[in-house]
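In what follows, chain A forms one complex with chain B and a second complex with chain C.
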Partner chain A sequence: MEDSNRKYNENRRDFLTRAARAGLSMAAACSLGYWFFDPKGPGRSSSIKTGVSLADFSIPGQKPKMSIVHGEDRTETIRRAMQALGGIEGFIHKGDRVLLKVNAAFASPPALSATTHPQLVSEVTRLCFKAGAAKVIVTDNPINDPASCFQLTGIARAARAAGGTVVLPAEHFFRPITISGARLIREWPVLFEPFKEVNRLIGIAPVKDHHRSGASMTMKNWYGLLGGRRNIFHQDINTIITELAMMVKPTLVILDGTTSMMSNGPTGGSLSDLKTTKTMIVSTDQVAADAFGASLLDKDAGSLPYIAAAEAKGAGTADYRSLNPVIISEL
Partner chain B sequence: MTIVTARRISQIFFLIVFLWFCVVTTLGDAWWQLRGWSVNWIIELDPLVGLGTLLTTHTIYSGLLWGLATVVLTIVLGRFFCGWICPFGAIHQFVGFVGRRKKTSLEKAKVNRYSRWQVVKYWILIFLLAVAVSDLLLYLIRLPRGEPRVFLGLIAAGLAVALILTVSGTYKFSRRFLFALLLGACFWAVAGFFLNDRQLLSASLQVGLLDPIPLVYRSVNLLILPLVDETTLRLTARPRYYEGSGLIAIIFLTAIFLNLKFPRFYCRFVCPLGALFAVISRYALWRIGKTEAECTDCHLCERNCEGACAPSSTIRINECVLCMNCRSECHHHLIGYRTSPSAAGETVSPDVSRRQFVVAAVSGVAAIPVLRLNGYLAANWNPQLVRPPGALDEEAFLTRCIKCGQCMRICPTNVIHLAGLEGGLEGLWTPVLNFRIGTSGCQHKCIACGNICPTAAIRPITLDERLGKNHFTSTGPIRIGTAFVDRGRCLPWAMDTPCIVCQENCPVSPKAIVTREVFSPVRFGKRLVVQRSDSRQIELEGNMLEPDRFATGDFFCKITGKVFSHPRRIVQNTDRRLAFSADRPWDMPPEPGSRVEIQIRLQRPYVKPEYCIGCGVCEHECPVRGRRAIRVTAENETRNQQHKMLLRT
Partner chain C sequence: MYPDNSKISTRETFLSLAILLVLTSIGAVIFLNQFQFNPAVVQSLTGQADTIGQRSPPVNRPVDALIHLPQNVSPLTPPEAFTPDNLSDKINGKAELYLSAGFKRLDSQRFKDDRATDRWMEIFIYDMAMHANAFAVYSIQQRDDASPGDIGRLSYTTENALYLVHGPYYIEFIASEATVEAIQTLKILAETFIRNTPVQSKTVAEPQLFPESGLVPDSVAMIPADAFGYSKLDRVFIAQYNLDGTGLTAFLSDRKSAEAARRVAAGYYAFLGEFGGKNITPEDSMKARSPRIVEILGTYEIIFTLGPYLAGIHEASDMNRALQLAGRLEKRLQDIHNGR
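Up next, the complex of A and B:
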């Protein structure tokens, strides 16, 4: 009798424990159901990342300036060109963090002039540090394999030798951007990560023939900030270059016309595509720089529709003479 | 009525309901066709579908909430779904019954003995859930980096609990345990810094491969019903084809015929849904068990034991499918369905060792990163993988599709098919469009697939959204791909033969296929020299023409070398005479001795990608029947911006 009583109690306790646990499980299941219930289902896919915008990197209160220096030695011409604008100290102050947007688009050697010359990269990096810059970052989102591009163009080595930091693009460096008044750059991924820590931006581009747009110079150089399926913009090349000029407000642009690629651009590939044009241009106005640069390719700025369009959008002036550029003839 | 009879009625009822739902998943206006029948109900009752999508998408979509009812009932009653509801289980039970019909009771009891390999189904469940849980795992691993406050809070809470337990003397931690804990915390703190956000570990839903409900839906939809359609009992207007049904057949028939040798083979050894029920039925309030520990050991209770759960001795509650056969077989009425455990003892946990658990879980977590090294979700995406309209972006799609084949069955034109390896191993049996099969391409004004999809892998879109009308004017129509003309195969382009069937059938307005008129000279090998002519006819030297060949209305005659002479339409021809239509006679007929040429008027098709939605009607209709001369690939599909081809569409 006592035995069966004990057994009954045991069973009862066992059942109550079990019932409590079952109750908890049910409560857990029901609350999961309640919290995660989604009667509507997913909508049209939308990007999860939030949009960003690029800062204005120009020096406030300065009038547009431009200098044109003729000579063959890039180290010398860039130095003189900066001096002509009152020295790089007018643009880079102590503690500034500078981004150099080079053109490293192709994995080809510097002698072919398809990319920014490493000598120019190292000299500008050096000048920035001399002016007191705390950090110089060199970046681009090239067309060919990024690591190969930075190696073979000599840009990585030159930048590092001068103390600069090379940033190769990675997928998560890109963030969507929308330019007000733009038709193409809307929620489009740009190489944003390197911009997070800088307060100055210098674009450095070679002068090149470009079969689709006519010429690739400082404005076209910003194409290398775009990510995603950017080559669909070739379907409207003048608009995209104009919108790039609207997107980027640089501290300075440097247009290297020491050697110009006259044909077979923008890749080149042969020394016969090149012509010695012995010109270095530094400007705060990218439109003016490109308008002058066109002449190095034996072209008229009027034949490049994006120059007039960028001017109309307020990105600069196509009449570079109005900036009273300092011109220094052959050194 | 005994409880076994009740169970049989329930099984037959749900099997009939299931088959009925499959039958009515047919487009049409008869009472037995799709008219608001809730044809997904059995899928929705399946909590593995609900749990799987909950893990991968962190939502429970619409009807999948029904799974909660099954879960709650299972917690209370045990694995009733397996023995009472599951249509696949009912089929197994019946075939198993046939297989052992003529055996002696002893032989029957023998095939129903517990096998240690019944643990395999738990491995399968762990593997499939681990595949689904990857991105939650990534979130957890990255917690110290992503949400350091939460991480530190957790660590602090853990320390506090440990401190309280130690100080109060409730629990004494071994040194080894503490060391392991410390190591684990350090590893956790560091590991997140090696993993990028959403790159390596992402969730994928693969439960549909072996979950019995999608499996049986798939098999009936794509195997049984298409065979029925070939008979006079047919359900659809035209017989259906499904590429890849062979593999479905092999799996379905193997699973069914194995019952002849091993009753309920699938349920006992493979079924991940059964394994899930086994886990959640652990605390079931009622359970099968003996009322007395001692009995005559006749083993009659195991003669028809469906779960192979050993009711005669220590019963395995997790294997019991509540068939109730043991209860009715026991002559001494020693087995009951009661609130107290079996007098002979019971076990409730699956026999999964820690090592087995780790192997299955790690394999599952590793599976997707390994498979995705194929780049199918990145640059190596397959343009042949044209998904139905409303299908989510591929990555999201793979977190929802359970491969049940409902979209393939409901598609009125039989254009949705089983993917083989087009979407990688992960995409096996997911829907892909095949424009060569079926009655037309993807019908322009149809949204059936998205509205039947039980998990919203294909979204329930409206016609307005699909067509880009009214509220959706600004977003434009849903494109599933773009048509491309293969100029090397197209009749007007390559064979100088008029055609433009594609342009004629293009359903969008304005048409996405336009034509340009071209006059192409017909080659004779000899010159056509005029002997005599007037404003309505020309007579040529020699008898060079095949009579009536040029009277089709597509042929024109032009004076050779005269740039400004417009071609005139030929209405009749004999072996040497050409007659022209009266509405446009020659103002200045060609002079005798001058040369003329016969031209064929061609309209060559061009695709206007800004209007093309990829419906594939053109591909379906193209008269080049083998490899079509106009074909749709997934280029420009709206579901993925990276597949955009044009700036303006």
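Up next, the complex of A and C:
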């Protein structure tokens, strides 16, 4: 009986010892695994710094404004459109440093209206300096051959002639940016460096048909700020345009509908893709500007899903009439 | 207290060692592999450098020509080449149009006309792999106010550009100005290119399948994919008609077998139903091989099959005219089918 008890106790002790050892082994393995676990994943290349966001370039406390001027002479229509909003001095003050985000996506001549017209770049640069701007930077990220794009569109020459500084994209100008509530712009490289030294932002875009999104106007123009293999976003074009509108809070947007690309956009290529629509739009509200711009393409704003989506995200209003736009008929 | 090791057999010892060896090997493989990221991860981390790093040599540097050049024309910038992976770097949002049509490669280059300082032009040579694919992107982008290009059967000019199909190539010649001299230079470039680029002679059969009466000239186009919003409807030819002032769009697609044609037709019919389409085919016609008529969003869609052909009328505003044209199209296909 005693032997039997001793044998039982030895077996019990042996079992407990073995169980404790097994438990410790498992705990050690789990701890080792946890120690190796990297919740952030592999780090980015050292040339890309993280943790930045674009500033809010809108004028604090200012109500949304919009002007629509009809005419063929861009120099005159942009001047009148600014005057209708109380003058560019209401947006650009003495000593301001201004960034003009143009559309220089293609190395095509100005006559094809696939890019921001140099005449408009020149006049807006001049107006900014007249209002007291200390510096005007003109930039875009065309990805393919930026030097040719800026040169052959005439944008570089126009900007420099008016005293502006042309900034071509370089690899170290990009920073990964995450937009709160965004699905696509998460840790995505964005052209950031030129924004560091400015306190005002004006987007200048032509009115164009677009094969994927239906239209390319002021909100789509911010697409040129994206780096990386941004072409993957074409599969979800309405979302990316919406998120771009969430990311960028401009001082002003200028939508050039003097000539609109009605078909075969966004590249066009033939003058027969264009229609003279004689309209210049200036607004503090990019959604409102695009909602009106859709009509120049014979489209309804409701047929462009990103307009309603951007409005829902608080980027502006699709009801441009609610801004009581100042409308000046043909000059 | 401790187990008696003498009771552990040699077999158990070797088995334990083998298990430990396997576990250690697995651990070693995992440890080594964790340094080798999935290419997708590498791409997402380094894509920035890849794309931003693409820079052409400075303009004005002496460069080779992509194509044989006529006199007075010289390269302005170096040749560029694009594949399906980076086509959008060159043409942005329009890339999808070409990719869905079987795009293989784009070669492009800018040239200058030495006789005029501001006159320059760019050539885009899209290798679409097949003549039918080249026809698709050519026809879908055809400009309304075009003039015949007089360079082969598939060519046209606009004020500043020349477009043509040559074998599997769709080619755009775009000038910086709208002048007669610029167009003449483009034509010389095009003729030189064609002369120096032999291709197999091919034609697209479908445009000849549409009945001629009422057909709007040069209106036949091919939709390579997602025709009318239906993802399974690809390689569809459309043709514009004017029947006594009523505009109509006829369509047809060779599905290679009667069974395939019926299957896609049934799918398209169901697709229309999902979006509120209402079947208004007369009761007595439902059993026969008559066209299905669907009313959707105030327009009429007519769908029928004949042998390997799926055909019909798309978004007609006048049902009677649409049925009239559908009848003509069916008869034409019947004649061709019988003669096959």
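Here is the rule we go by: the second predicted complex is superposed on the first by the 282 of 331 C-alpha atoms of A that agree within 3 Å, B and C clash if a C-alpha of one lies under 4 Å from a C-alpha of the other, contacts with A are read in each partner's own complex, and residues count from 1 in each chain.
Criterion: contacts are C-beta pairs under 8 Å (C-beta built on N, C-alpha and C of every residue); 3 or more make two chains touch, one makes a residue touch a chain.
The model shown is predicted, which means the values in this text are computed figures rather than measured ones.
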{"item": "Which superposed partner A:184 touches (first chain B, second chain C, both, neither)", "value": "first"}
{"item": "Touched partner set for A:14, first chain B, second chain C, both or neither", "value": "both"}
{"item": "Partner chain in contact with A:264 - chain B first, chain C second, else both or neither", "value": "second"}
{"item": "Chain B versus chain C as contact partner of A:26, first or second or both or neither", "value": "first"}
{"item": "First, second, both or neither for A:108, with chain B first and chain C second", "value": "second"}
{"item": "Greater residue coverage of chain A in the superposed arrangement, chain B or chain C", "value": "C"}
{"item": "Touching partner for A:147 - first (chain B), second (chain C), both, neither", "value": "second"}
{"item": "Chain B versus chain C as contact partner of A:37, first or second or both or neither", "value": "first"}
{"item": "Chain B versus chain C as contact partner of A:210, first or second or both or neither", "value": "second"}
{"item": "Chain B versus chain C as contact partner of A:54, first or second or both or neither", "value": "neither"}
{"item": "Footprint overlap on chain A, where chain B in one structure and chain C in the other make contact", "value": "14, 18, 41-42, 44-45, 47, 171, 228-229"}
{"item": "List of chain A residues in touch with chain C within their complex", "value": "10, 13-14, 17-18, 41-42, 44-45, 47-48, 105-109, 111-112, 143-148, 151-152, 169-171, 174, 189, 210-213, 216, 227-229, 231, 234, 237, 263-267, 269-273"}
{"item": "Residues of chain C that touch chain A when the two form their complex", "value": "1-3, 37, 41, 43-56, 58-59, 77, 80, 86, 88-97, 110, 120, 122, 141, 143-146, 158-161, 172, 174, 176-178"}
{"item": "Chain B residues within the chain A interface of the complex", "value": "54, 57-62, 65, 68, 71-72, 75-76, 196-197, 199, 280, 282-285, 339-341, 392-393, 396, 456, 459-460, 475, 638-642, 644-648"}
{"item": "Residues of chain A touching chain B in the complex", "value": "11, 14-15, 18-19, 21-22, 25-26, 29-30, 32-33, 36-45, 47, 171-172, 184, 228-229, 232-233, 235-236"}
